[in-house]
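Think of it as A, B, C and D in the order they're written, each chain with its own count starting at 1.
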């Protein structure tokens, strides 16, 4: 049971709207996004319900959900939304607020997804470009699932699908500098 | 040109200190269908506003001849408010657009001869906006009080 | 001779080397000179904009700034994901110069972003700048007989406000190119459904489900193979196909071609140059259809008569 | 010298509590022209009015000022009191000391009283310049023009004609009947549409007061209320209706096939055709865009088979002129084209149809003989998905408004489907069920219970083909699950949009329309039947989406309005209109440009007395003038004045403060 009572301004809604540039209040709960979304099956709450939760100001519950981590930003929903809401932007806003406020979900899948993105960004920080094999290996080590996709490895490597090395870029230093600056900008945005 | 205009605007100075019993007079010319009805609504909802305005009813804001504004400033008024229907809501289809254009030209002219632009103001007030009318009157009154009594251009000044 | 700036993207040197190679072959044939951005960096992909908004803009912006140093007015990108990131960045920066200035501070020592280079996907460039007629003119070995389902994925045509290219729901540009090569494009409803690309590694279950549905519908349309213009789509549909077949206990046997592989084939390049060996699902079965005559379902004779009667009366 | 009487009202405590009324009276008495001033508790009451009447006679007053409530409230009351005392009612002025003083300055009695005094002085000053005015009477042409022969136009025409007022009914297509003639059965009672409509159509054709002009369009409307002049173009039918017996030999033999509009293009009609068997008038016309003879000079079969020799290929369009007093616009609606819904595959799949097409299919006189069939293979569908709000309530791809009728007709379609195909099932994707109306909720309930129609709450996101089925994917929000329905046929309840010709027609008639193309009513609540232009009324879906009962009600309301307008031989009109002083008019014609009602024209008058040279001056049609005063303010030579709001009146007010 959720008890709704007057809490003054719905600051969560305002923050999401401001960050995303969308207007969540426009949503009239038609559910077109839910059946459009390729991953709504995997979400705790599909986009339609997330919209309503934001409207109700249920910040904790929204951030606890895995939905915004599962959003693929494929933009299929926003292309079909009859209220012209940029749903991926809303998801992204919820996610960024969660990251800014250091909110960590206990959900294993979310942890995996988050870990993957962190490793990927690490890889770019190091090489300026993506090093696929190393990334896959590191992901498996860090998520303690050493044998994931191992059955693919021989074939992929043999066929040259996944190369063993990476052509690293020259100005890798500039990229590291960029990371520092971007972090600064993020902090300013808070 | 803008600079010149600015200089001209600054001609009007409250060169006489307002007498203590001075109360500004504001002439409000309101269209019958929106703003006059809105001012009636202000009354029926008992919203209070400063008592300095004297309201004249015209069928449409497009009836307002620049002559009325000039005459008011010349004789009795320290400020003039013209108010009509919102754009697109004119009872007479397009009258308020004519009114707005005419008003802007008139105000430019008055600025050129030395009136402060706050002496003449324009607003859109619909028949449903009783409280907005009160706010508009309040603002205009405050603006005019800040400017002080209108001595410039008054007939008695010329006759002296 | 046209000249265009080229952004290969990380996967061009990795999983999708064959895409990169065939793009170069095809463009040469089409009299387009490609100039690679010197020392480009990764676009940041989904990860950057999932985790860090400023970084998600800064990484592509560096490439945009570098591209402006070359003299070409257009940049083309084979990878749909890179294309999306660069295009989103370009559109947002052009719309919001203040934001552009801010992000530009993170792109150290490369200069100011001006917004003068157009960003197009390789598909869009072929379709709009080269044109169907020019492509048709270079076809020496038409691939007629092949029935192909064109799969665009989510990033090439969506969101419409960003890409400004083709339909987000039922695009036809790739279908038209394929038909220009002599093949038949099958009516395929899952052209722009998502394959789950960004979860390729982190949540394989999602990918199996989504890509499985796409394969099923492609098979349903009667296609011999799938055509894509995105390395992520290719690797998901191709590399994961055995897993999908195992999971759902079906046999699809649908090779997944890059559009440029087929273009190169039709332009007369030898098969060996396409690097088909890299494909997990063998391509030979599909390629064997080349030269077959596709039978059109005949319209009933009566209907034909009625059509005649409408247009011309005795 | 003017003799003004001032009457100050207490309005019980409303004024008296916050304005010192006796002081106001004393102040008024100080004005030179005021010969009589008095206060009273309720001026609007009978004794109050009697005071005014008595004072007018006793003190030989020449104008009256009542200081009371807003003139918008009781101006009419006091005007009547004046005329009862034999005084011109327009010599009254009202000083609004309640809404503009006592009620808004309740904290400062002195200021409120001062202001009331000022307001009275202003009113006195104005009243001195008041002139005697007389109501204008305008002659009326007692004939109504009804544009559109659907149920709205038919009902309006019949009701007006029953009041023995002649009506000219103009219909664009060859037959009246409109959309309602295409419907099978009607909600919520399932009456057969044809059975209730065709008798009315026959009535129209046979009514002595109705002139039916089918296959024609209004192309011009001049004049003003009560005095319009309409030009109607009667399209060439190439068939002499007088001699034609309607035997049908011509269209049976015609070799040219054209998509049949009446059946929503599901089957074909001929180039010479009557739209449907019960058409009124039941005479064929030749469709000039498709007739081979008219296009290429070959064929001529219809002329050969016509025993009466009624075919006349040389026939030309004809212009008919009618003088009329009022217009009823009833142009109806169309169906929104769902092409932008690419995710539904509209245009790619034959088995996706719109609801009007479905209506024709289940109609017993329809192209499939009353049995729904899949357009792709002619099979009878077992699973039919109905999707509501396609294009409606969709600001991204369609139209923002709710089309109002779809909830009800979709419930009806579910029932009809069940009646025609017993072992079928209807799945209805909806967002809300809007069933406000007499017997409507019960009807929707009937669809759910009696026929087992499954209602799924959610908007469909995608339709794709799998084998010969259409897979319809949507969310059922009630169970929070995505669902896919394997459908044989999909019916889209596409948005109801106004007729495409509405903007052009609105410009021609001089009325306004909204951003969707619906014609605008004068007031959304209190004048929903009138337009802003006097004498032009709206009926049916030309104003907004409506069902049949509402359309009929509005049509009858139009008839009542027309009859009211025509009740006397002349119309009475407020005398507050503009007049031109010809001697001052310079002929610049700025007034002509600013007049929103085209009430000002020009005329040529002799330059001087007896002179042969002419000059142009403005002339105001007081029948059209609505009294806004735009022309007065624009006039450079001060040649125009607006009765009731003349320059002297307003200047007097200003100076008197």
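Definition applied: a residue touches a chain if its C-beta (ideal position, glycine included) is under 8 Å from a C-beta of that chain, and two chains touch if they have at least 3 such contacts.
Computed from a predicted model, the values in this text were never measured in an experiment.
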Shortest chain-hopping distance from chain A out to chain B: 2
Target chain C, source chain B, minimum contact steps: 2
Most contacted chain pair (by C-beta pair count): A-C
Between chain A and chain C, centroid-to-centroid distance (C-alpha), Å: 24
Chain B-chain D separation of Cα centroids, rounded to whole Å: 37
Between chain C and chain D, centroid-to-centroid distance (C-alpha), Å: 53
Multi-partner residues of chain C (at least 2 other chains): 168-169
Sites on chain A at which at least two other chains make contact: 41
Numbers and ranges of chain D residues touching at least 2 other chains: 343, 462
Touch-based graph of the chains, sorted into line, ring, star, complete or other: other
Pairs of chains, among all present, that meet the touch criterion: A-C, A-D, B-D, C-D
Chain A-facing residues of chain D, complex: 343, 389, 393-398, 431, 457-462, 473-475, 477, 480, 482-483
Residue numbers on chain A that touch chain C, as the complex places them: 38-39, 41-42, 69-70, 72-76, 78-79, 92, 95-96, 99, 109, 112-118, 120-121, 124, 128-130, 132, 135-136, 139, 148-149, 152, 155-156, 159-163, 166-167, 169-171, 174-175, 177-179, 181-183, 185-186, 189
Chain D partner contacts - residues on chain A that touch it in the complex: 28-36, 40-41, 46, 48-49, 80-84
Residues on chain C engaged by chain A in the complex (per definition of touch): 10-11, 13-15, 17, 39-42, 44-55, 58-59, 62, 102-103, 105-110, 154-155, 158-160, 168-169, 192-194, 196-199, 201-206, 209-210, 235, 239, 243, 275, 277-280
Chain B contact footprint on chain D (complex, rising order): 70-72, 96, 98-101, 103-108, 111-112, 114-115, 118-119, 122, 512, 532, 576, 594, 596-597, 626-630, 632-634, 642, 645, 647, 650-651, 653-655, 657
